[in-house]
Structures are given as C-alpha cells and as structure tokens.
C-alpha cells in the first residue's frame, strides 16, 4: 500500500494552486483543439437550424435519436457530483476529499451541456421559449404541466442551480487562498468572489453547515432529475419497452454508475496532468473502485429486471423488440458491446485489488463504462421506437446523420473544455479539504501492526 | 452478570459510551453468559410454543377449506412476510460488514440468527405447492421458449421451492461461518455435542482467520445474491402473475427492499429487548440505534420512491389493465391497508428520523422499527391477498376487479401462529449461538480507541486495508 | 349582428366575410378558454366556394365529377352524386385532375419548330399544312367518344385521310368477342351490385380496368350493402393484383390458360347440370359433355396451374350462387389466344343465363344522338399505319393523346421521322411530342367543353357534359376547337364553329327528344339543367342483347410466347399501377407518390418476384436487376413479393417516359420497350402478356422507395390489427 | 375491508366531458368493403395541402399521408393473403398524445376532436412517439410546391411550416363549414351534412362519418354491427374510429386471443 505522506500546509498550497498560478503549454494546445471541435458542433447545429430537422437521420416512427440519447447520457454523468460529494459527505467517507470538487464541476458542466440537446433537437428551437419557461403568451396558455417534458427543465435547472451553489460554497476558502496569492485584476475578482473570507471559526462552522445542508437538500433533486428524464420514456404507454415501472431507479442508478466512472476518468487525468500523486492516491482509486463494484452490480440488477419483465407478458411485439435488440443487426453488436463495456469487462477486473490500485487500468475501465452507458441509452430509446406497437407495417430503421454525430462529439469537447478552463481558474482539488484530511489522519497500533485510522468527525 | 461501572467521559456534544475495553473481558463476559440462563426465558419459549400450536390448528382449518387459491391469500401473505423479514435481516450484517461500519458489530449476530427462520418459510411453502396455479397461460419470468406450454417443467412452484431452499441454506451457512470462532470458544468452555461438531476444530491460527475472513465474505455475497435474486421469482410467481397483464418490473426490487427495511427493523427491535431485558447494555449502545436509524431513513425514502415510480407509470399510462390494477391495490377495498403501510413504512420513519435527537436515541428508532414491522405485515397482506383474490390469472388484460377477501379465523390463527413459530425458532437459535459475536466485539476493542484530540477526546477508528 | 371589440381583436387578420361567417358559427367561448385560447385556424378561416359539374378525363371511364372552385381556382375534385356511372365517387386518378390543371410543365404557348408563336400563327401554319396535305392527313388520337369524336370524324372526312385511336392496352379483343357472341360492337356492363357471385379473369376491375369507380361502388354493395347477403368473389389472375387480393378465392392461373380454365368451369357446370341447356348445347355443338372432354378439370389442371378440386369448387360456387357474372379482361386477353379466352369466359354468363338479367351481364345502348365512338385500333393496324408513315405516305400527322413513341418505341422511332410535318396537341409534351414540328398547348379537360357517352356505360343511354370550370390557366385550346379552327381556316366543311357550340347543339337535340333525366321549359333552361346535373341520361333507353356461345374448339388453342422457356424462365406480366395507370398519370406527383396497391412502391419501376425464385438468383430486395426479353432489356428494382406465383414476374407500365414533365421525365423504365410484337391471332391486338424474360442482378442496391417499413409486414398472430371473421 | 364488489374500469374510459358535448364525430371503416384503392389518400392530400411525397421523402421514410392504407400479409402455410386497412388519427377520447405535449399544441375540443395547433407546436415530437397508431406526421422539411401548383392549395387549410407536427383533423374545416351553413339556414346539422374528403371519395363506401351522439346516424347504426372493433382496444385510448372486421369465408379458424 502507498503511504499517506505528511504534507505541510505550505506544501499543499504549492501543489494544489500551481495550475491556477502558472499555465503550462499543453493547456493552450488542449483548449485550441477542444475549441475547434466545439465550434464544428456549433456549425452543425446552425446547419440544422437553417435547413430543418430533415438533416437528421430521424424518420417516422423513430422521432428521437442520437441527440436525445446524448441528452440522457450527460444528465447521467451529472449525477457524479452529488453522488460523491453529497452522499459521501453525509456518510463521512474519508476518501472523498480529493475528488469532491472535480465531481461537482463535472456535474455543472455536463448538466449545462445536456440541457442544450432537447432544445436543439426540437423542430423550431427558436420557439421553445414557452416550453422551457412558464411564460404566458398573452393567450392564457401556460406550459402543459402534465408533460414530462415540462418536468424536465424545471428539474434540470433546479439541479444546475443547486450544484453550482454547492461548488461555490465549497470553493470559498480556496478563493480566499487564491485572493491572497494573486495581484491585479485576478486579485480583485478573487477577492470579490471570496466574500471576505477570513477563516474565522464562525465562518468555518457556517461553511461546513452550508455544505451539509446543501448536500441534504440536493439529494431529492438528484434523485428527481434522472427519474424525470426516465419518465420522458416511462410515461409513453405506446412505445414498446419504454413503459416500464423500473425506469426511474434504473436510470438513476445507471446515472450514478456512469457518473462515478466519469469521475474516475477525471481523477486519473488530474493525477497525470497536474502531478497530484500525493493527493489522488491509489487508495482513493481503490475505494471508488469498490463503490463502483456495488453501484454497477445494483445497476445490472435493475437492467436484468427491465429486460426480464420486458418479456413478461409474451406480447408478440414485446418479443419482437427484444429479438431486435439481441439478434438483429446492428442492435445485436451494440448490445454485446454494451454488456461487455458497461459491466462484464470492468467489474470483474475491479474485483482485484491490484487493478483497483492501478491508475491506468482504472482510467481505461472507467472510459469503457461510459461507452457502455451511452450504448445503453441508445438501446433503450431507438429500438423501442423502431418496433413501435403491433404495426409491423411501420417498423423502421434509424441511421444517424453526420450532423447528429458532429453535435454529439462536440458535446464531449464542450464538457472537457469547461472543466479545463475551470481548472485554470480554480483549484480542482479542494485545498481546505486536503488540509483537513491531514489533520484528521491518525494511526492505531494493533499488536505489531499499525492500522491507518481517522478521527471521526462529529 | 458482572455489573461494571459505566464511564461518563463525554466529548463536545454526546457521551462516548464505553464498550468493554479488553478482549479478555469481552470473552469472559459474552461467552460466560452461555451458562447463565436468561431471565424468564422458559416462559418465553412456552408462550411462543403455544402460539405456534395455534398456527398449526389454523393450517389444518385452511387445508380443510380446500385448494382454491383465492382463499390462500393470507397464508401467502404470512409466507411473504416471514420470507422478506427473516431473509432481509441477515443482509444487514452482510452489508454493514462490507461497508466496514464499526457500529454493526453488536448487531451482526442478532441479524444473522434470523436466518434460521428460513427453515420455517421453507416448510410453510410446501402446502402452497398444491395451491399455486400452473404456469400455463400465465405471465411468468421463466423466459425459456414455449413458457405458455409450461416450460420449464414444474414452473413455477419447483423453482420457487428451489429459491427458498437456497435462501434457507445460504442463511444458515452464513450464520454458521460467522459463528465458528464463538462456537469454538463455547466448545473450549466444555459445551460439547453439536457445538463441538460445528466449530470444526477451530484453533484461531492466523491461517484459519484468513480463511474465515474470505469464507465470510463469500458466504455474505452468495446470501445477498440468493435473497435479492430470489425475490424475483418469489415476487413474480406469488404476487405479480396472479393478476393478468400486471407487468411491473420494479416490483421484485420493491419486494426485496421493503423486506430489507423490515429486516433491519426487526434487528433493531430485537437489539432493544436484548439491551433492556436481555442484559446486553454494555454492548448495544446508542451508536447502534443511531446507525440503524440512518439506514432506516434511507430505506424508507427508497420504499416510497419505488412505490411512486410504479404508481406513476400505471397512473399515467391509463390503460384499462393499469387502472383496474390501481383500483385493486390502492383505491379499492384494500385502500386502508395501503394507507396504513404508507404511514407506518414511510411517513412515520421519515418525519421521526428527520429529527436528530430521535435518530440518536434508543427508544426512537425502536418505536419506528416497530411501526415498520407492522406496516410490512399489512403491506404483505395487501399485496398477496389482493392479488390472490383474482380468480383467473390467465390472459393479458385485467378486466374485472374481484371482491375483497375477508380475514377468516383460520387466517388469523395462521398469522399469529406463523409469527409465533418464527420467534420461537429465533429464540432457541439465539440461545444456541449467543446474541453477541464475541470475536467481532474483540476486534472492536482493538480498532476503536478514545483519544485526546485538540481540546477534547475523540473516537479514533482504525480502517484496516 | 353586433361584433364586440373582443371578437374584433380575435378576428384581426380574418377578412370581414370570415368575420361575419365566424359570427355565424361562433366557436363556443368555453372551448376557446378551456381547451386552448389558440384554436386551429381551420376553426376560423372560411371563404365562398362554387361547385361545377363536369367530366373526368383522367382515364377512359368518363365519370362525372364536381369541381370546387374558389377565387377562380379549381381546388378539389369530388364525384358527381347525380351521375349514374360513378354515383358521386372518384378514384385516386380522378382526384388528381386538379393537379394536372396546374401542372408547372404545361405548354405555355404553341411552339413552331421549338420557337414560341402565338395562336394565330400556329393555327395558320396548321391550316396551311392541312391544305397542302389533303388526303394525306393522319389523325392519331386516344379513343374518342361524344362530340369531339364527331368533330374528329368530320375533320378527317373533310380533310381526307385516316383517323385512328391508339391505346397501349387496348380493349380490341373484348370488343371482338362481344361482337362475335352478341353481334353488337359495345362493351357490356356488369351488374355486380346485384350479383351473388363474381368470377373475373385477369380483369383488374377494382383498380384501373374498365369502369373501376362504378364497379368499386358496386363491389361495396356486393359485399356489405345487402342485409344477410355477402357476394362471393372469385378471381383468376396470374399476378397477385389488388383485385386478386380482394377476392375470396384467387386462382393463380398460368398465363394464357385463362380460357381453358373458363371452359373447365363450363365443363363442371354442365356436368353438375347447373348450365342452361340452350347455352350448353351451343357451347358443345349439341354433342354434350364429350365435346369438352379436353377441358375436364382433372385433364387441364396441370396446364392451368390450379388443382382440379379448386376448379370444381369455384365452378360449383359460380353455378350455385346465382345470379353470378363472369368478367374477362386485362392480361387474360393479352395473349395470342386472347379471343378464345374472351369468348370462353363470356360464354360462362350464358351458361348461368345471367345475360341481360339483374346481377348479370347487361348491354349498353349505342351512344345517344348517334354520336360516334372511336375505339382503339388494334396493334396490327397500327404497325401497318406506322409502316405507311415510314414509307412517307402520310403528309401531316396530328397526334393527340396517342403516345405512339411510348407504346411502340421501336416502330415509332423509325416511322415518325418519315412524316414531313408532325403536330402534337396536348397539355404537356410527351414522348411522341419529341421531334414534332408544331406543338399546340391543349386546354386541360377542366378548361374545355365536350360531351361523353361512357363505355361501358351504366346500362342505359347516358351523355356526360363537360364544361370549363375555370378560365384557361395556360393559353390552351381544346382539341376539338383546334380541329374546328384550323379546319375552317383550311376551308374544310365542319359541323360546328367551336366545341361550346357543339355541346349546345347536343343539348338542343336532347331537349328535342323530350325525355331523360333533365326536364325544362325551354332550351336555355335545359342547357343550364344539363350542365348543373353534369349530364343527361334516360334510364328507360336500355341496351338489349344476348350472348350466344360458339362451339368450343376440340383442342384448346395454346398460347404462343416470345422466348424459350429454357432461356427466359419467367412470364412477364406488365400491369397498370393504381396511380399512374398506363402512363397518363405519370406527370402528377400525387399519383407518382401513391403507394402501389400490393407492393406500396412508388416513384420507381420495380419488378415483382417470388422470394423463393429470387433466392437462387441471389436477388435481394433493393437490388437493381436487368429484365431481359428477346426484344431488349430494362432496369428495375427488385421487390420480393411473397404472394406472386412462381414462374411469373410483374413489372408496372407507365414509367420511363421522355418528357411528360419534371416528375415523369426519364423516371423508371418503359416496359413496352421489351414487349415482343406478338398479337392475338384473330384480332391483331397486342399480346402484351406473352413475353418471357430472365433476370440478371446488376450489382447496385438501394433502398426501395416504398411505403411499408423494413420488416415483412405480417400480421402478428396473437394481436392482429385486422381481425377476420368467417362470415358476416 | 368488507365492501361490496368494486366497479372495474370499462375497457374504453368514460367520455370525459359528456355534458358539454353537442357532437361526437366518429368514423366507421368497413374493412370488408375496403379494397385498398387509395382514392381516400389522394383526396386527403388534395383537401389538406399535404406536402408532395417525393421519391427522396420515400427513401427517408418520411412520407406524410394523414390517411394511409396499410397492407398486411397473412401467411397460411403456402398461401399468402393480403389485408388492407385505412389508418388515420383515431381522435381518441383518451389520447396518449395530448398529455405529453409540453406546450399544449394538441388539445381536445368539445366535439371529441383531437386538434393540433400548428402555431403553438415547437416540434418536440413527443406526441408522435406516444401515438400508438403512428397517426402523427412531422414536417422534417419545409414543404414546397412549384408556384403553379400553389393555385390548387385549399385556402381553408393551413399550410404547415417545417419543424411541426400534423395529422388528420377529420376535415375540421368541412365540419365548421357545414355547421356555419346549417346555422345560416337556421337548422341543426343533419346526418351526412359533414363529409370529410376521404369519406366523400371512397368508391366502395367503406368509410362513413357522422355524429355518434345522433342515434339515427349511419355511424351509430354501423357501430352496433357485431363486426365492430377498435384497434389497440387494450390501451384504453377510446378511439373514435370504429372498424368493422374483414370477412373471409376461406380464412382458417382464427387463433384464440384475448384482445378483440
């Protein structure tokens, strides 16, 4: 096992704040590359606006495709933040410390990206105003509250606000630290943001309290968001394989699965890019790996339920749908890929402590998981529409158009860009948490062995 | 019993209760109780035995009234209750052990011993095998081709039986493995016979401990799978498939979850009695109730969440089948039961546990757990009786909501007797296995120390890799 | 009525008329408030519309239609409920008439050798040509009826020359057969509505053949219109057509064996003693069943391709459930033994003596006012005519509605240039218009005057009136007017000044008859009445006639086919799709975009082949294949048709035009170009179903432009969308 | 818990707003009359300004036909049969498409019509997903006509923009026109006053349209036929298009299924 080194506060400050205070070359390169991809996606979106939804590969009856899949995917990723920071905070898991902020930031950016898709995907995006906001067009009509598509924006924006606030509150002490280490305009901005943080005991207590409160308050939102996203499908009685009662928890746990995996990816990158071996240690990968095993297995249980009960009534169209998913090209290939990447490759690997503590392996397995989870959403959404109801005459196929693929790709670049820029402006590993960790770390001697221990927070 | 002075050193806001400090002390105390009989335990056993006999009478009556499945709803409910509660309880010890939560240690054995009830559930299932309608024409999860022709043979009863056997055996295995070191201790104290046999010549060498740890992990995992996985056939064959067209993929998960909740509640209640009248005050502290309360809170929230996601889906779907189903389960004659369990399993735990002091007390969690147990029983009655009351489970659509089935004498006796019997088994097993896991308590004395920290004294917990 | 301010606001943008109308049917306020303050504009907008009765000329049936006209523009075609032929109904093609009217590629002005000229110049040119070519004028038209026929005849008589009507899928054989058996040269009508059994051979009478709308209406009654009585429909057809799909009993007969099948049925009828003596004697020449020995079901089963018990079953139904009627047409007659087939089938009607009865075959009276009817000339005669043109014996060719270059591609290509001056008259330049010296934009039927005596008619004297429903949208002139104007300019003697006058004159003479559907005080009122009703008919003046079977040949005349069976394994059955029919519908996107009746394919030439036979050839759906006949080859998209009999492939006609507007030009391939020039031995009609072909895969594949989805749309057994009951 | 027998939900939900109804428009389709001749299809396209279904549109599976003929195969051993059914918006009493529209672009009017408000629609396409009858069509492209063909467009019917959903309206413009004329003549609507384009054209009279609330109307009489059924009854959408089953004396004995 890798020893937890004793680090002085000064040392911690130096290590964690350097990316903010100095800019490496690769940063600019990365920003440039990502920026290019993002603008390509923007171009694709503009093309869509200009030419009409026809540029997509959608048809009748497959009215939803890659964009909606990706929407669900990013909302899923956004569940990383709360899962790690809020729940682990409440359960006082010690190993959460270095990864909480990364997770929260990931939440914010992925959620913001996700929110773009339903709007871009609609037939007349410029008219979606009175869908997203309860704005009355002097005709006395308000959005139709019965529609899951109205639940969506409310849930998403609540969640977005909540997690942004969360990031800010936990950021306060570090902002102060930055304020004290910068000059000129940055200094001004940081001092503005730091809200006059001086680190008095009262401030600390309030900050901690706010953290706990926000965690507790955001939990229901966390659950509701993906439940509601799942109900976009679960409420649709007409689409084979969508109208399943298990969808809400199935989607949520799936979201946690992909979200936590995404955090692992991020951790590995941080460790490599910012050389934070002392902070993001293999024991953290170990712990999060164990968490992932549990989450993935729970998710798989729900997946099994969903699939099993999809065939429960033996309705011919049910059977047809499942046949399509499992046996028919191209779904059969996607299904195999999905099962392998989302569960059967990573989870067995994670069972080995050696793997869990190997950063590179964790990085790649976590990437696999998210490939799989994207496919999962695809396999839920598209085949269901392609085999809608008993009208075999209408059963159709869907091929994504380059435009759609471009927009999907760009969304990944967008999230990455966002986090990168954030890392340039704020520390991605919370300095104060790192210090707290140093303080609470302890040891116990049992016989001849020394057992790492922690002072239990009250 | 050895009266020990209770230290009253406190940290900032709550008393850090003192567990026995040295391993020897623990061994002396816990294992020492093996000889000392419990207060009034014979009476307890006799009373429970009497209840059990009532149950047997009830069973006789029930069988006398014939094999029409609509009359066996309450029996099925009893079975479901015992299966989920007694099956869920051991999970508590498995899960918390997996999470390395120290507060679990005094509760672990209490939870594991519930596995013995699995034997009773198994026996209870046998009469039902003649009652459950065959799979032909019914909805079923047995997805192998040609299910409607009743393939695989013996579906569903044979497979439900298999499930119950696996759960029972798995539970006993878990209990046994967990108890081996203690059994060995008892053996060394001169208790022979079965105890000696079961302790497998345990000497406590390092090797044995390593094997033991691994075995315990495996047994726990297997049991977890057996129970949760077992809920799928159990719930679909004994609840879902009695209503034609009821396609509810979350139901098995809900069934397992509510069982887990009730199981934990059972553990808490038991712990309370052991603490107050059982004389385990030194081991079972507020810590345990506190930790359990947090878990219960989470479970209650999930309980409501699962309920809601099923409810909403049917409600929004507005298919005739779905609407009839909701009449049957929520708005119809069984409405009182539904509302009752809504309060007992969700609202009461939720609002009680939102209050910190209630969470962090002995009485609070106990009362809430009791309400959860009652709620679970009512819930099982609602589910099983309502679904079993549908005369013809075949077909794809649920056209007519059947009239309610009143609680008969036989059913009453069965419920009382069944639960009584289960408790009887449990009490006897407790006597045999001891309610405290001595070796885990010893571990605690190593890994949990109270130290001065800054200006106060704080608990320092060791987290061995 | 006072309009509140609120209403005015609500009505902003809606015209005053609309406003008043809106007040007339105010939408209940609560609907606006409760459901949605935004109502569908359809709730508010209204306008004034006028309806004009006229004649539909999308096909030869001659249905009466009403056209909805708003603001001087034709909007919608609906059937004329008064009209005895189609009783207020229309078919897909009739509905598309308005699209033909506003087709963007209609000729705008006359074109003289490609140069736009005004009408005066054009007519003058035509007149001079007529003058120069007296006696050498050739007028090629589509089959003509009513006054325009009279005009055409008069024109040709006066100018000296030939008048011949052309139709790619002619009805010559049927006419000949009727003439031989009844002595009348008219097409019979079938009283399907009252029949209990209908036995049709090859005739797609529910799609495009004969008078489909009329018979479809009858079909509705035949099936469900008579309480407690559901008609039984038997159909013999080598191809699984839409008509076959609707039959209770479909007999997939071998191509060319329809006649034999009919006589096999006759055999059973006589054997079972169901046949009328007299007719039976005629058929057997008094020699009794022995004369038909060669047609015993068990004997002919193999060559007919239908198991004997099936034949007997059909025959028994046909004989027992009377009144029953037998029809023949379509590909059944497009063989070298077509006449034999036609007579055999028509004779069946005599056997079950349903001739002239309700629910049987009825004769139509000759057209009223002695108006001529110019049916299509047989293929053989056309080949001669083209030969003469090639030889330069024709000085002036006027083509109207006769798309020779499409129907006889090879022959026309070499013959037409032999004509010094060619005139094309039509709304849109078609294949034959290519290379014509003078192109005259013809008025759309909805812009023109005329009359029509439908054939087959409703069984009594009928004259449909055609009137312009809108001002000419393009400066076109109706065919009749062109002939009249040019003719007069050329100094010919012609009956009327223009078509309108001809029609008025017709009305005048009808008025003189003093009977029929329209009664009026004076001629003017009568004329108005006739135009309002859409025509004149006299239910009293019915046709008479009988069918006298001729003795059946001792040995069935075998059909001849082009191409060796070994080299060309498939029978090619061309057919007319619902939409574009024989090509007349090709210019219209509505009809091009109409899913075919059985395959749901649109916009492309496809070839229907049975999966079991496609498989060894390695042909999958969407493969481009080459359909090769002894005469040539065309490209088509493969469609695997689960119901088409093996050994048969079917290709739609009507595609592969040159010209005919943006939607038809060079779209698909022309199946006529590979048909062998075989003819019916006796009538000389084109045997267009007598060609054999083979298929070759061309490598390329593409998605088939069809309406159905990607999986074979089978009904799910447990959950059928269309449940079927065994009897009503 | 000892209550009397519970009334179970009827297969088709009760009429949501009986009190306010004056008419309840209904179509009856006799599948034994229907030949699949597609006259209704073109009639609808002519009446309702449906965009041209070009070959490209076909290749994209984006054909728009408010009323469409679906042809299903039935395999009985060797023999293959074809069945035709005209499908259009079923104007459900309990329409799945209505609650899911976020912007209230589709609503139910008092006459039982399920109406699409084009200028409200933003094109989420959720309604199309949730329509079990595939009756809703999306304008993936801007509909264009050659300028001359625009002369034919029906002024009573909106020309839909790209990016919005459209579907059969039961020719609401004809209903309104008939109502207005009746009102102006000071009489109440008679059976047969309202004739949608498809019904008008149908050569075999397979389609009939009318007010089911009028006990003497043709549809009321036909709806009592023992062949009457509604498609996807088990979804409880309460369609207002009633079908009469196909009759086929040669059909093999139908398999038992618990739906129709």
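First chain written, first letter: the chains are A, B, C and D, and each begins at residue 1.
Everything that follows uses one rule, which is that contacts are C-beta pairs under 8 Å (C-beta built on N, C-alpha and C of every residue); 3 or more make two chains touch, one makes a residue touch a chain.
Treat the numbers as computed from the prediction; the structure is a model and nothing was measured.
Peer 1: Average the CA atoms of each chain to get its centre, and name the chain whose centre is farthest from that of chain C.
Peer 2: Taking each chain's C-alpha mean as its centre, the farthest from chain C is B.
Peer 1: Between A-D and A-C, which chain pair is linked by the larger number of C-beta contacts?
Peer 2: A-D
Peer 1: Which one of the chains is closest to the middle, using the mean of its C-alpha atoms?
Peer 2: Per-chain C-alpha centroids ranked by distance to the global centroid put D first.
Peer 1: CA centre of chain A versus CA centre of chain D: separation in Å?
Peer 2: Measuring from centre to centre gives 43 Å for this pair.
Peer 1: What's the distance between the Cα centroids of chain A and chain C, rounded to whole Å?
Peer 2: Their C-alpha centroids are separated by 65 Å.
Peer 1: Using the average of all C-alpha atoms in each chain as its centre, how far is it in Å between chain A and chain B?
Peer 2: For chain A versus chain B, the centre distance works out to 35 Å.
Peer 1: Centroid from C-alpha atoms only, then distance chain C to chain D, rounded to Å. What do you get?
Peer 2: 30
Peer 1: At least two partner chains per residue is the criterion; list those residues in chain A.
Peer 2: 141, 235, 237, 315, 390-394, 396-397
Peer 1: Quick check on chain C: which residues sit in contact with 2+ other chains?
Peer 2: Expected reply: 36, 38, 708-709, 712-715, 717-719, 721.
Peer 1: So which bits of chain D are touching at least two other chains?
Peer 2: In chain D, residues 61, 63, 70-72, 96, 99, 104, 120, 235, 259 touch at least two other chains, as defined above.
Peer 1: Quick check on the complex: what are the chain D residues that touch chain B?
Peer 2: So the residues of chain D touching chain B come out as 1-13, 94, 96, 99, 234-236, 258-259.
Peer 1: Which of the residues in chain D come into contact with chain A in the complex?
Peer 2: Answer in residue numbers: 60-63, 70-72, 96, 99-104, 120-126, 128-134, 137-142, 161-165, 232, 235.
Peer 1: Given the complex with chain D, which residues does chain C contribute to the contact?
Peer 2: My answer: residues 21, 24-25, 28, 30-31, 35-36, 38-43, 45-47, 70-71, 73-79, 86, 88-96, 98-99, 101-104, 106, 206-207, 212-213, 216-217, 219-221, 223-225, 230, 232, 240, 242-243, 245-246, 248-249, 473, 578-579, 589-595, 597-598, 600, 602-604, 642-643, 702-703, 705-709, 712-715, 717-728.
Peer 1: Across the complex, what residues on chain A touch chain B?
Peer 2: 1, 94, 223, 227, 231, 234-235, 237, 243-250, 283, 294, 301-302, 305-306, 308-315, 442, 444, 446, 451-456, 458
Peer 1: Within the complex, which stretch of chain A touches chain C?
Peer 2: Residues 139-141, 315-317, 320, 390-397 of chain A touch chain C in their complex.
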